[in-house]
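Chain naming follows the written order as A, B and C, and within any one chain the residues start at number 1.
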Amino acid sequence: MTSGTPARSATERVVLDSSDIARALTRIAHEIIERNNGSAGLVLLGIPTRGADLARRLGERVLQADGRDDPAETLVGTLDITLHRDDLRRHPVRPIEPTTIPASGIDDKVVVLVDDVLFSGRTVRAALDAISDVGRPRAIQLAVLVDRGHRELPIRADYVGKNLPTAAAEHVRVRLAEVDGVDEVAIGRSTGEES
Amino acid sequence: MRHLLSAKDLSREEAVAILDTAATMAATQQREIKKLPPLRGKTVVNLFFEDSTRTRISFEAAAKRLSADVINFSAKGSSVSKGESLKDTAQTLQAMGADGVIIRHPASGAPFRLATSGWIDTPVINAGDGKHQHPTQALLDAYTMRRNLRGDDAIGSDLGGVRVLVVGDVLHSRVARSNVDLLHTLGATVTLVSPPTLLPVGVERWPCAVSYDLDGAIAQGADAIMMLRVQRERMSAAGGGFFPSPQEYSRKFGLDRNRLAALGPDALVMHPGPMNRGLEISAEAADSAQAVILEQVTNGVAVRMAVLYMLLGGSEGATGGTA
Amino acid sequence: MSAPASKDRSGASVAAPARGTSEYLILGATLPDGSTTDLLLRDGVIAATGAEATSARDSGVSTIDATGLVVLPGLVDLHTHLREPGREDAETVWSGTRAAALGGFTCVHAMANTQPVADTAGVVEQVWRLGRDAGWVDVRPVGAVTVGLGGERLAELGAMADSAATVRVFSDDGVCVDDPVLMRRALEYVKAFDGVIAQHAQEPRLTSGAVMNEGVVSAELGLTGWPAVAEESIIARDVLLAEHVGSRVHICHLSTAGSVDIVRWAKARGIQVTAEVTPHHLLLTDEAVRGYDPQFKVNPPLRTAQDVLAVRQGLADGTIDIVATDHAPHPSEDKDCEFDVAAFGMTGLETALSVVIESMVLADDVEFGWEDVARTMSSAPAAIGRVHDQGRPVAVGEPAHLTLVDPGSRWPVVPRELLTASDNTPFAGRELPGRVVATFYGGRATVLDATPIPIEGLA
């Protein structure tokens, strides 16, 4: 188990450590290649903040596994979904994150959306809308590090790092080295925050 | 930030956040599908008590790109010469379900009154009031400067160290006031250049330098020069007799070929429009490669999208989260 | 003639004396000089003071315990807009004079800018009669200097002087008599009946479109400025004209440091000039305009802190002779709008004494006592207006025009609770010192327990 971080509350329980996360990403990368018969025509779009970091890591693994040495930016981008959220008017104004699309665009590509946690499915729905503003992919697939259940929309992930049965009152915290200084997934008693 | 009434009200962080959001908005406007959904179902009123087709259209485009419904209300020249109508008109529009009011008014402070008198409770955006403020103009000017002078490193940055000349009729100009306030907040140094008759008493307390000598000011070096519109009628006795003739004004304060050369090719040439070619700006300067006058117009839409999103995109009365 | 019901004080418990009482014994009042005395009011005059008054104690007169209260000669306002005839929606003679009584006044000068303008004997007599019938204070109409305030030809000043209203103060207040020849003629003409021209000093060309003081604040707010020089240049001209023709001139609502200097210079030179300052110019500055609230729009405009200090010093050293309210009521629709289009003016009758106490008596940086209050708010304005039975000393045999004020009490200014028919006070939300407890006009109590007492049968 990873040593405790300042951000973690006492009631938290770590369910994935850094090596678990690394293995899960590697597995997903291979599944993506297998299912799509290679990495040609693929675009990975991460949903900021942590989805974007996961997408970059996944992209690097996909390129490596497929034996390519072109830079990650040719395969990986980010997709801001803020403006498409269905709960905008329930919260204070949210800052908009950048959307960066690989130079080749997404038209007629297979887009793999990448996020950290799949929960209600509303984020993914917003992402589907956001994608249609940017272009028309041939297909869209979904990769998540954690699927914690409790879907509110008819949405299912194509690639899952770990299925994590949770109670609705629990929260799932994904921490990544890029943002949080440590790689881990933890479950805790909810303070009302959505994960 | 509940209203946008004056550039003076913006902190550096708020101003940078608006410019950053505008940059994101601008990027979406490169797409084939320019419309975004965040203000879907919201109604924005363009309440214009003064003609300004440009500003109205810019706000209208911005609101529509964010999927808001737009009601245009032009009240110029109608029964709205007595102030009570401002209250009645605004309350009428709110009763019709307006979620935000964009107001242009010939009386300085009218947007402030609208926002603070308890007449209505929607966010108010000042689209220019009398001789007071025009904050979205200042924001689009700052955005244009940042984009051209900072390039790819623009996100998150201010205008520290940028030298700006603002030239012309400062006395009657809300653009000048807004720009002095915002540019100062963003760290730029501003020099106002104007004949003494067109500077307000009290300008000495503004956070800027003042000069009566355009050639001298240009010789000091500038990264951007902003030419203000000068109304020809200001020279007549009835208009105040502020300067002897358009010819003399143009000779002493116009941006002509020689002054353009003295500025150097890297200085941005700006104008809030509409221009009086041949009076405050020569055609040569207006059409030069370093002129960003049309880009200012383009950027106006992105900046106004950012402002509309930041004021209306969240829950009612919710604040914060602008960084 | 009745008060607008909406502005009536309700729920106040009034310890009114028996109807018809005309004798009062005031016990233990503090005179302006600081001594205390008892005062017996009988038959409209101060019948006795000291022990002689005290001895009336058990004779059945109404007694008023004035311990801790200051007794002043009834206040005299040289500058009041009562709005009637013409703008009864803003104020009537009845409502305005009732407010005046509550503010401690026993005499007000009603300005001429009514509709029709008070430029004939007929109009001034009408206003005078309305005031007499209302019975709250002595209403002294001010006559217009020029016909219709038009600034083109003299009104019939002599006829107004000879009328029942015996007009002695003439003013085009609201507009300046800017034609120097016309001003000269007016100054000369009123010498025949010991009149005075009260000038609204405002050079019109320098103040075209002006709505606030020209300076740092106007530059920032983008509001058209009203420069001090527009006031000072007219005052300078008029004191020299008064000197040239040997007349007396009165300067209305002086508001700038430069104006104080000019009047000080003129007085040193022996020119017959008197000057007034309003309460609001003693307390408020143009910083108040920053919120674009038209309640702070007034003419002349609120000036800078240096100007406020200068007029306060000028009032203290006698350069400025009097405090005058320039009470200017306006209906709410003329204030609930953009600053540019709002009406100029503030109410002041009910707050004047309190503001003078706040800005002068209680202030550490000027010397100003109760004798100065009595001088600047009663005896000097009466003398300028040639109102011979007002502004008299508090002494035996003098008319019983008196004001009792509680200097220790503080009261919150709530516009709807003021008796003036309009709500445009700039002091809303403030707490001011000095409540008028009682006012006696010709021996009749017009105010008792800080509550107006209507004349029997006129409620």
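The definition used in the following text is that a residue touches a chain if its C-beta (ideal position, glycine included) is under 8 Å from a C-beta of that chain, and two chains touch if they have at least 3 such contacts.
Quantities reported herein were computed from a predicted structural model and do not represent experimental measurements.
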item: Chain contact topology (line, ring, star, complete or other); value: line
item: Centroid comparison with chain C (C-alpha atoms), farthest chain; value: A
item: Distance from chain C to chain A - Cα centre to Cα centre, in angstrom; value: 76
item: Mean-CA-position distance for chain B and chain A (Å); value: 40
item: Cα-centroid distance, chain B relative to chain C, in whole angstrom; value: 46
item: For chain A, residues contacting two or more additional chains; value: none
item: Complex contact set, residues of chain C against chain B; value: 214-225, 227, 291-292, 333, 336-342
item: Touching residues on chain A, where the partner in the complex is chain B; value: 80, 82-84, 88-99, 129, 132-134
item: Of chain B, residues touching chain A in the complex; value: 17, 21, 24-25, 27-28, 31, 33, 35-38, 66, 155, 309-311, 313-316, 318-323
item: List of chain B residues in touch with chain C within their complex; value: 81-84, 86-87, 105-110, 112-113, 116-117, 129-133, 174, 177, 200-203, 205-206
